[in-house]
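Remarks on the structure that follows.
Going in written order, the chains are labelled A, B and C, and every chain counts its residues from 1.
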Amino acid sequence: MPRLSRSVPPVLCAILIVYAGSAHALGPPTPASALEIVIKWAPLLLGGFAFNILISLLAMALGTLAGFGLGLLLISEQVLARRAAWSVMQFFRNAPWLVLLFFAMFLIPFRITVMGVTIPLPDWVKAVIGFALPVMANVAEILRGAVASIPSTQWEAAESLALSRRQTVWLVILPQCFKRMLPSWMNLYALITMATVQASIVGVSEMLTITAQVHAAEGGRTDLFAPLYGFALLCFFLYCYPIDYMTARLERRFNVR
Amino acid sequence: MNAVADWFRTLYETTGINLTIFYDAYDFQRYAAGIGMTLFLSVASIVASVVIGAAGAAAQGSGSALVRQSVQAFVVVFRNTPPLVQIFFFYFGVGAVIPGIETSYGTREPLLGNVAWAVISLSLFAGAFNVEIFRSGIEAVPRTTLEAAEALGYTRLGAYRHIVLPLAVRVCLPALNNNLINLLKTTTLAYAIAVPETLYAAKQIWSESQNVLEMMLLLLATYMVLVGVFAGLMHQWERQMRIPGYHR
Amino acid sequence: MSGDSVVAPKLAAPIVQLIDVRKTFGAVPVLNGISFDVAKGEVVCIIGPSGSGKSTLIRCINALLPVTSGTIRVADIEVGDPRLDKLALRRKVGMVFQQYNLFPHRTALQNVMMAPLHVLKQDRIEVEARARALLAKVQLAGKEDTYPGELSGGQQQRVAIARSLAMRPEVMLFDEVTAALDPETVKEVLVTIHELADEGMTCLLVTHEMGFAREVADHIYFTDKGVIVEHGPPQEFFTAARDERTRRFLSQVL
C-alpha cells in the first residue's frame, strides 16, 4: 500500500524537535543559553549515545543468534522441542522489556567462572543479555512467521526431489525466509535501540544517565530539562528514522511482488 | 485468608521462599495497588491512544497539506524516539515549565502529576502508531467499494460511517491489538518517574524484604497473567469481528 | 441505420439522453462526443473493444465521474448541473458493477437493506419485507443471512442487483456484470437481467455477451475510441454491419 505521507523530510522533524526543546528556554535571559550548554556537553552526550548503539548492536547480534536457534526448534518435528520452544518464546515475548532487564541485572552473577577462567560480567554486559532476551523471542517468532508464509508447495516440491527435511529447511525454506524476515528484523532493531535507554534505570551509564548528570552539573536548572532531553530525542531520531524509512520501503517493495 | 497467610509464612520458615505479599497485609496492599495503577495506566492510555489514532488518521485525510504534514511529523517523531526519553521530556521538560498551582501552604504544586504525565506520554507514543494503523486500514478498503456506496446514494460521511470504518476496523484489528498489548507492557516505563505501578511496588518490596528472586518471578508471573488475559480478550474480540468468507 | 455519432431522437420521450458527451482524463480523451437516447422500458447494450470508454460512459451517467463537456439528462435531471442533487439522481439510477462490490461485513439481506435504511431513512419493517422479496426474486431465498464472501460470484452479483433494485430505480446500469464470473454462473445473472427487462425496467448494459445482447436488447451501440461507430436493432446490427471496425470486432467475438 502507498505510504505517501512518509515523505516528510527528516530535517523538518529534526528542526521540530530542536525547536520544541529550546523554544521556552529562549524566553527569560539566562546565564548560558540552552544551545550553548548542549553544544558544550555534546561530546560527552554523544559518547553516551555511542554506548547505547554498542549495547543495541551486541544485544541484537546475541539475540538474533539465540532467536535463530529458538526459531529452528519452533519448526522442529519433535513435538516436545516445539512445545518447549514455544513456551520460552511466549514467556520472553510477553514480559515487559524493563522487567526482563531487571531480571538480568539482579539474577545474573557479576562474574562467572568457566573452566577455571573467571569472566567478569559488568552491568552493561548484563544489560546486553537483558535486551537480548526479548530480541531472541521476537526473532524466533519472525522466523516462524516467515517459514509459515512459504507456500506448502515448496515443501512438497523439495520432498518430491528426495531432499531430507534438514536439506529442505536449509536449502529451500530458509533462503526464501531471509528476505521476508528483513523488514521485521530491522523494525525490531530500531525498537531495541530505543529501549537501550532503559539501561539507565538499572544503573548503566548510557546517554540518559549522562544527560541527568550534565543537568545536575549545570546547576539543575529546570529550563534545561527540555533542551537536554530534546537533544537525546534528536540523536535517537536521526539514528532510527532512516531505519524506519528503509523498513517501510522494503516492506512496500516486497509487498508488490 | 488466614490459612493462606499461614501457609506462605510456613513456606518461608521451612524453605526460605519469602513471598511477603501473601502474608504481610501491608505488602499485599502495596502490590495490589501497584497492579491497580498498571491497570489504570493501561486503560487510560489505551483509550486516549485510540482516540489520538482515530483523530490523526482522520486529519491525514484532510484537504490542508499543513494539517497532513503536521500529523505525519508527529507520527514520525514519536515512532522513532525512545518512549522513556519522551516521558522524561514531558515530565521534567514540559512539566516544569507549565504553570503550577499554589497550595494553601504556599508551595508550588505542578498542575499535572507524574501519573498524568505518564498517561499523556504513553498515549502520544502509542497514538502515533495507531495513526499509521488506522490509516492503513482505511486505505485497505477498495475504492470500488466506496464507489458502490456512492452509487447507492450514500454521502461521503454516510459511506465512511456505515461501510469504510466498519471494514477498516476489522482490517487493522490484529495490528491494533498488537500495539495495545505492547502499550500494556510499556506502562512499566512509568516506573522511571516514580509512578507506583506494579514494577515500582515490587522493587519497593524486594528492597525491604530482600526477596529479589521471589518478587522477580512473581512480577513476571503477574505480567504473564495481565498480558495473557488482555491478549485473550482482544483475540476473542477479533474472532467475533471476523467476517465469514472475508479473507485478507 | 446510420454510422454517425449523432442519433436522431426517438419518438417516445427519452428517460436517458446524452448529447455530445466528452470526457478526458488529463490530456487523454476517452469519450469524444457521444450522443444517444434511451426510451423508457428500452434495453440498450453498449459493446466494443476494451478501452473504448464504455465503463467511463456508464459512470458518467450516474455522476460517479464528471463529464468534461456535453449534456446528460436522466429522468429530467441535468447530471452536469453543478448544483446536482446526487441523491435524487441515484434514487432513479441503479448501478451494478463488474466486481459486485458488495459490502463484505454485511449479510446478503443487510446489503439489500442498507441504502433504503441509511439513505432513504425508510421504515425498517417495510424495508426488510421488500429486501426479502427482492432476494427471492433473484432466486436467493434462503441466503439472506449469508455473508458475501460465502456466496459464489453469480450469487453475489444477484445480491448486487437486488441491492440496486431496493432503491426502486427507474433506470438500471450494468457495467460488464458477467465479466468476472465463472462461465457456469454467467447464465443465472443473465436470466435475472432478462426478467428485469421483461418487466419493463429500462436497462443500459455494457456487455461482452453477444448472445444475450442479440436476444434481449432493443438497440445496440458499438463504440470504439470514444465514439459510437455503429448502432441499430440487434437483428440488423449482427447481420448487416456496415463499418469495417464493427465487422472485425464481431468476427472476433462471435
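The rule we apply is simple: a contact is a pair of C-beta atoms (placed from the backbone, for glycine too) under 8 Å apart; a residue touches a chain by one contact, two chains touch by 3 or more.
What you see is a predicted model; the values in this text were computed from it and never measured.
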| item | value |
| --- | --- |
| Centroid comparison with chain B (C-alpha atoms), farthest chain | C |
| Central chain (by mean CA position) | B |
| Interface with the most contact pairs, given as the two chains involved | A-B |
| Where chain A and chain C are represented by their mean Cα positions, the distance between them in whole Å | 56 |
| Averaged-CA centre spacing for the pair chain B and chain A, given as whole angstrom | 20 |
| Chain centre separation in whole Å, for chain C relative to chain B (CA means) | 50 |
| Complex interface listing, chain B residues touching chain C | 142, 144-145, 147-155, 158, 162-163, 166-167, 170, 243-247 |
| Residue numbers on chain C that touch chain B, as the complex places them | 62, 64, 86-87, 90-91, 93-95, 97, 99, 101-105, 114-115, 118-120, 146-151, 160, 163-164, 167 |
| Chain B residues touching chain A - in the complex, by the definition given at the top | 60, 68-69, 71-73, 76-77, 79-86, 88-89, 92-94, 96-97, 135-136, 139-140, 185-189, 191-192, 199, 203, 212-213, 216, 219-220, 223-224, 227-228, 231 |
| Contact set on chain A toward chain B in their complex | 1-2, 5-6, 8, 10, 12-13, 16-17, 21, 24, 91, 94-99, 102-103, 106-107, 190, 194-198, 201, 208, 222-223, 225-227, 229-230, 232-233, 236-237, 240-241, 244 |
